[in-house]
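In order of appearance the chains are A, B, C, D and E, and numbering begins at 1 in each one.
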Amino acid sequence: MTDPIIRLSGIDKFYGDFQALYNVNAEIRTGEFFSLLGPSGCGKTTLLRTIAGFEDVSAGHVEIAGQSMDNVPANRRPTNMVFQSYAIFPHMSVAENVAYGLKARKMPKEQIKTAVEAALKQVGLAGYGDRASHAMSGGQRQRVALARALVLKPKVLLLDEPLSALDKKMREQMQSELRHLQRAVGITFILVTHDQEEALTMSDRIAVMFEGRIGQLASPQELYRRPVNREVAEFIGVMNFLNVSVTNGAGGTFDCEIAGLGKATIPAEQAPGGVDASVTAGVRPEMLTILSDENSRSEREASGIVQDVYYYGDMTYYDVQLDGVDHPVTISMRNTAGRTVLSRKDRARVGWGAESVLLLK
Amino acid sequence: MSGFAKWRRSEEASGWLLVSPTLVYSILLLAAPLAMVIALSFWTQDYLDLDKTFTLKNYIEAWSEPIYQTLMARSLKISAFVTALTILLAFPVAYYVSFYVPQKRKPLWIFLITIPFWTSYLMRIFLWKVILGYNGVVNGSLLGLGVIEQPLSFILYNQNAVVVTLAHAWVPFAILPIFVALEKIDRSLLEAAEDLGDGPLRRFIRVTLPLAMPGVVAATVIVFIPTIGDYVTPRLVGGPNGLMISNMIELQFKKANNAPLGAALALSAMFLVSVVSLVFVWMNRKYLVGQK
Amino acid sequence: QELVVLDWSGYEDEGFLQSYIEKHGGPPTYSFFGEEEEAFQKLRSGFKADVSHPCSQSVSKWHDAGLIEPIDPSKIDLWDEVNAEMKEAFKFDGEYYLIPSDWGTTALTYRSDMVDPAAMNTLEVFKDPKYGGRISLPDNVDDVYALAYLATGTQDWSKATDEDFAKANEWLRAVHPMVRAYWADGAELAQLLTSGEVIVAWAWNETPTTLAGEGVAVKANRETKEGSSTWFCGYVNLKDGPNDEALVYDFFNTWLSPETTQYIVNEWGYGSGNETQMASMGTETLNGVGLGEIDVPILAQIPMDQQLREKMIAEFEKIKAGF
Amino acid sequence: MKSGTWFKLYIGVFLIFLYAPALLLPVFAFNDSSIVSFPLKGFTLNWFNVLWETEALHTATKNSLLIAVSTAIIATSLGILAARASSRYKFRGQKAVMGFIMVPLVLPEIIVGVSLLVVILQMGFDLSLWTIVLGHVLICTPFCVAILSSAFLSLDQSLEEASFDLGRSKLATFWLVTMPLVLPGVVSAMLISFTISLDEFIIAFFLAGTEPTLPVYIWGQLRFPQKLPSLMALGTILLILSLTLLATAEYFRRRSARKTGIEDAGGFL
Amino acid sequence: MTDPIIRLSGIDKFYGDFQALYNVNAEIRTGEFFSLLGPSGCGKTTLLRTIAGFEDVSAGHVEIAGQSMDNVPANRRPTNMVFQSYAIFPHMSVAENVAYGLKARKMPKEQIKTAVEAALKQVGLAGYGDRASHAMSGGQRQRVALARALVLKPKVLLLDEPLSALDKKMREQMQSELRHLQRAVGITFILVTHDQEEALTMSDRIAVMFEGRIGQLASPQELYRRPVNREVAEFIGVMNFLNVSVTNGAGGTFDCEIAGLGKATIPAEQAPGGVDASVTAGVRPEMLTILSDENSRSEREASGIVQDVYYYGDMTYYDVQLDGVDHPVTISMRNTAGRTVLSRKDRARVGWGAESVLLLK
């Protein structure tokens, strides 16, 4: 199937007077790992719940696998959900939890047993079936919730911040497991998260939401490299913003004078939102380089003073105040072997390239 | 002595120190009476003289006399009915308040449920008689509506009346724990059940009810045990066949001058209700573990 | 010093105590009980009061329990006017123990608009299926056995034999299925009769008096062919009372005074133990409140053998429980 | 949606059931008959006059209020101690001790009454209002412990540590931080104790000295049918008073809840 | 003062039978930003609380500013604490919260007022004094807690995971603010955290704890570059472990054969724990390089297959299975301008250097 598995058209959602979703349109492809990313309160959960059928839409339509979901209640939709709190039934064993949905379908006992065992094996919990569900750790509950949903072979699996309750190590491990699992089962996953790293590393495509609207829907690399506006650029990763005056806009390129850095000619594709008086220059920290020794050279160079040094072990982040700019830019450097870490107040030469500057509105 | 000084600052010592006033109070005013009742149950009384030689006579009498057996069985039965009715009445209300009432108005509803109990219990019982009586509110309305031609007589001065009156008296005590249990249910569990394919009814049976069981069990124990001890209600609305074991206990302690037998009956009754309650709790143990 | 009276609630009515209040500037201190047994248990547990107010059947038990002390008749001004039968009944070892203060009658009482008054001339109506489920008996051993003895032909229960007792029990057992409720207090009986839930009852004389005053068609017939009963209560002098004995006697004298007799008859519908004063009130008044002279047997609830009473208590409890 | 309607219907019926006796109170308080029974007669205010003139009833009411207030204060204090001990400290025998304190919850009151009487008199107390308070405190304390335990458990312990850390003594910490924050629980405990004590009469019978409580008095008055309607009047007044009191309490509770930012579901829990 | 402000000597702590601290010895320098870092349950909080005086030590001594703290209760120690939950008194206004400790000292009203205002200003909450404390957001509460402690001018400020309840953006902002604040006030800070990034970026020195013992106490760079053992190395940052056979250990260097990478001679300083049969080779992900085009060269080269790609925007992490090794190594690459991101199953050339390999026990 190359058809979109889910088609959202013109979805509005009101809670009383408060509008939580504004005309949301999106198509989610069959088999992809799709993420809804956005700051708290932007409507991610609301959108997911309208897909699951827990919330009625105020306007617009949800279509799943080509069928309208108008008037189809949650318990008859071909979606299943993994809840943020896991929602493991505390009064049932692990196996009973996983069997829950199958029993609702009145599947014969024997078949249920086999299916449950297979599902538990899939999430790495083979043999845990008889455990009381409250005796499981956070990560294990997470897996039970996954197994419980996957065993029903839904067309779409919905995950509402499933990893936010886990500690960092466990979260990273589960991120990688989830990704592998999704590839293995081939089911469409829709993941809600407010953690951009999570979204970037896991997803095929991401919809970034702000205040009830989708700001940009694209692949991780595209989102990071070509954010359509300042809002997206700021939300995904770190972006340094510098004043810019565009002096010429002919021939598919723009001649710019960037505060603190200098002149550059920037191709139109690096100005995804077009150019006008409100535009600023955006540069990612890793696109700037501290030229630490005499030998290192760069296409273009600027200069400034180190304001702050953040040592992360593998990386060092510098806040460098470029000459002629009053707020510092952040520059990230990988602490490869032999590279020395600068200190506060040191003078720094900053290398950059025109290809790494975006013009954003 | 530094060992002692250290102990005094320890958690152990602080805990004991803090609990001791309440504990001493309970020991003075509860342990002593309890011990006395237990001792009394092994003595005998003939008219006014107390014979303090140890005997099991009272217990033998309490457990073998048909009248006590009947009263005991009847009391257990009435208490069980009261408990069942109370829970049946209370559950939907607790459910309504927990699931349908907006968060802000919940305390108000809890008020609403407790307010009628700020009138004297005796007056309430008395008024129940007015309600259930021959030309009382119920019969009056039913007659007026033409539903019945003769006033119903099975609603007062029998066990039904005892059950209704007691259920009324205890219903707030059942609503509160069930309400608390329902409040504690993570709403996403209910959504999960729906998401996994259950309709409202199956969801209720498979998830809501089991998770509310701790509240139901608490309510059951809270209602069942003290109901056995009530002698005022049966006497006032029970009629000839509505008397309970507590009336007999009262009688032994008062008119019949046989406090030892009364004590034995009381302890036997307490033993029975405790056993029944424990069995009930045990039967529901699977719902009580693992939930906080 | 304030006299401590352990009394039924309601008896603190100052109408009873005019001369006492005049003399001492105020009423005594009251402690109340709702049932004699509560008072008994409380006193036995060590509660201290000066006087109390048991009814006829409890006095000997209180005496046996060593709770009360003899009365000195010489300190009672109107001792000679007191009903002899009543005071003699409480003479233990030659000493008097009770000031008979109030008495009443217990009789067949019925809704005159709902039953045929003509049929109400025998206690057998209690057994009549016509009234099944519409009768009420007192939840009170003494009144109930008074009824049963009368119905089975025993008029003096202090002389009742085991056989008489057995007959009385049998009668009560036969009546038990007819009973709607055993009334525990006056308010309950009034409610039962007013609503028509009960149409025939064995009741104190105050009930028809009160209800008639309310316009409810309730009448009593003390002159059924088997007869009716009288009960009486009185004040006792408690041992180890905390206060001066003089106060106790002032209190006793007040109760026997003419004013108090007037008051209790007119306001409460009860009789007084002062026989002379009662007689002076006139037949009409007495008949009006149901305390007049009658021609049928009267079972006076005088003290009986405590062993027998214990048996009565146990038996009545069994009967009530359906055994 | 439909289940909602059914629910509302049931809740309506339930509330009628719940309020049935209370609603009849005023009916008979204004009924011009000394018999509390249907059919009704005329309207009268006479019973309020009777009530006004019955001195003993006033005394009984005052006694009851005094006892209820004292009970509420003492039981809550004892409850605070025990609840705090059980929720803040671990000590050997804790379960047994707490279980023992909770026993009165399941004891028939008549037994408590009779045996307390003996014990109290043997301890050398004379029966008085205070002996009733002793008994009531015993049966109210378990309720207070239950309510206050959950109040203490939901109090963030680090608040107390912060106060201590900022230089306050343990006692100052208790008054400045702990008490204000568990106040809703304290108020609930006091209200419950107050209610229980006000309505309790089996134990009060046995432990009353020369001053009766209201329920004890009422129990005695049942003998005299003509006294009942004025009791109904009294009940009506008390009901209205308690409604007002509750409404005020709720108002203040909400205000303080808003002030402390604590969302508590149900002030009574 | 160059004296240690805090000296911990031989501290044991028992909870009943359970020993939470084993013979902890440490000296904390006046004015430094010191962190206690370790996995959950390792005893960080317990150690902090023995310093604050909330827990008695079972053995050993705490000395603050040269004075023994035996028998000195918490309310009389020259330390103040910022709690994980902030422990802001909800029934008091912001100003009342901050004034709480001063009132206990019976300072005159006027002085309190000035001090409170100064403290609020210091944490950036000037003018918020009259606010109800529950009307403050998480980050603001955090600042109130800081002001409340700092206003007392403690010798040592103790912070128990003060940032863990904040969301990511707010946490990063507060990290930088805390660091600046500490520099400004000059008070010794002791921070408990289980987040190694937080510890690395903020601290002057870090004590890494495991199961009640201090594993290593050193500066961030030293900890990251020269972990004393595998446990520390694994806990701080990511470390790839490879089997190694040491063939020769003479002359202050070790000749090694590292599985998947090849031969190298490693100086003794890169084997901080000595060398024996149990030793493994550890390499940080940033010390390995994917040589993406023909031109890029490295001192040493190895080869493998890309197993997984984690795109983080600024960085890409590759799991590369080196030839002859059965579990993949992680390699991190900065996504500088023009550098292409490899895909799964691609063959990769991996560059490395002998100076970036540690021998760890």
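Methods note: contacts are C-beta pairs under 8 Å (C-beta built on N, C-alpha and C of every residue); 3 or more make two chains touch, one makes a residue touch a chain.
The structure displayed is predicted, hence computed values, not measured ones.
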Considering only chains that satisfy the touch condition with chain C, which of them also satisfy it with chain D?
B
Would you kindly count the fewest steps from chain A to chain B, each step being a jump to a chain that touches the current one?
1
B-C or B-D: which has the larger count of contacting C-beta pairs?
B-D
Cα centroid separation, chain C vs chain E, in Å, comes to 90
Report, in whole Å, the distance between the mean C-alpha point of chain D and the mean C-alpha point of chain E.
54
If you average the CA atoms of chain B and of chain D, how many Å lie between those two points?
18
Among the residues of chain C, pick out those that touch two or more other chains and give their numbers.
38, 41, 184, 187-188, 191, 195
Using the touch rule from the top of the page, what residues of chain D touch 2 or more other chains?
36-38, 114, 118, 219, 222, 228
For this entry, which pairs of chains touch?
A-B, A-E, B-C, B-D, C-D, D-E
Any idea which chain B residues touch chain A in the complex?
186, 188-189, 191-199, 202, 206-207, 210-211, 213, 286-287, 289-291
What does chain C use to touch chain B in their complex?
35, 37-38, 40-41, 61, 64-65, 133, 139, 141, 176, 179-182, 184, 187-188, 191-192, 195-197, 306-307, 310, 313-314, 317-318, 320-323
List the residues on chain B that touch chain C in their complex, please.
47-48, 66-67, 70-71, 126, 129-130, 133-136, 151, 153, 156-157, 235-236, 239-241, 243, 248, 251, 253-257
Along chain C, where are the residues that touch chain D in the complex?
4, 8-10, 12, 29-34, 38, 41-42, 45-49, 184-191, 194-195, 207, 210-211, 213-214, 216
Give the list of chain A residues in touch with chain E in this complex.
40, 167-168, 176, 194-197, 200-201, 220-221, 224, 236-238, 284-287, 289, 308, 310-315, 317, 332-338, 341, 353, 355-356
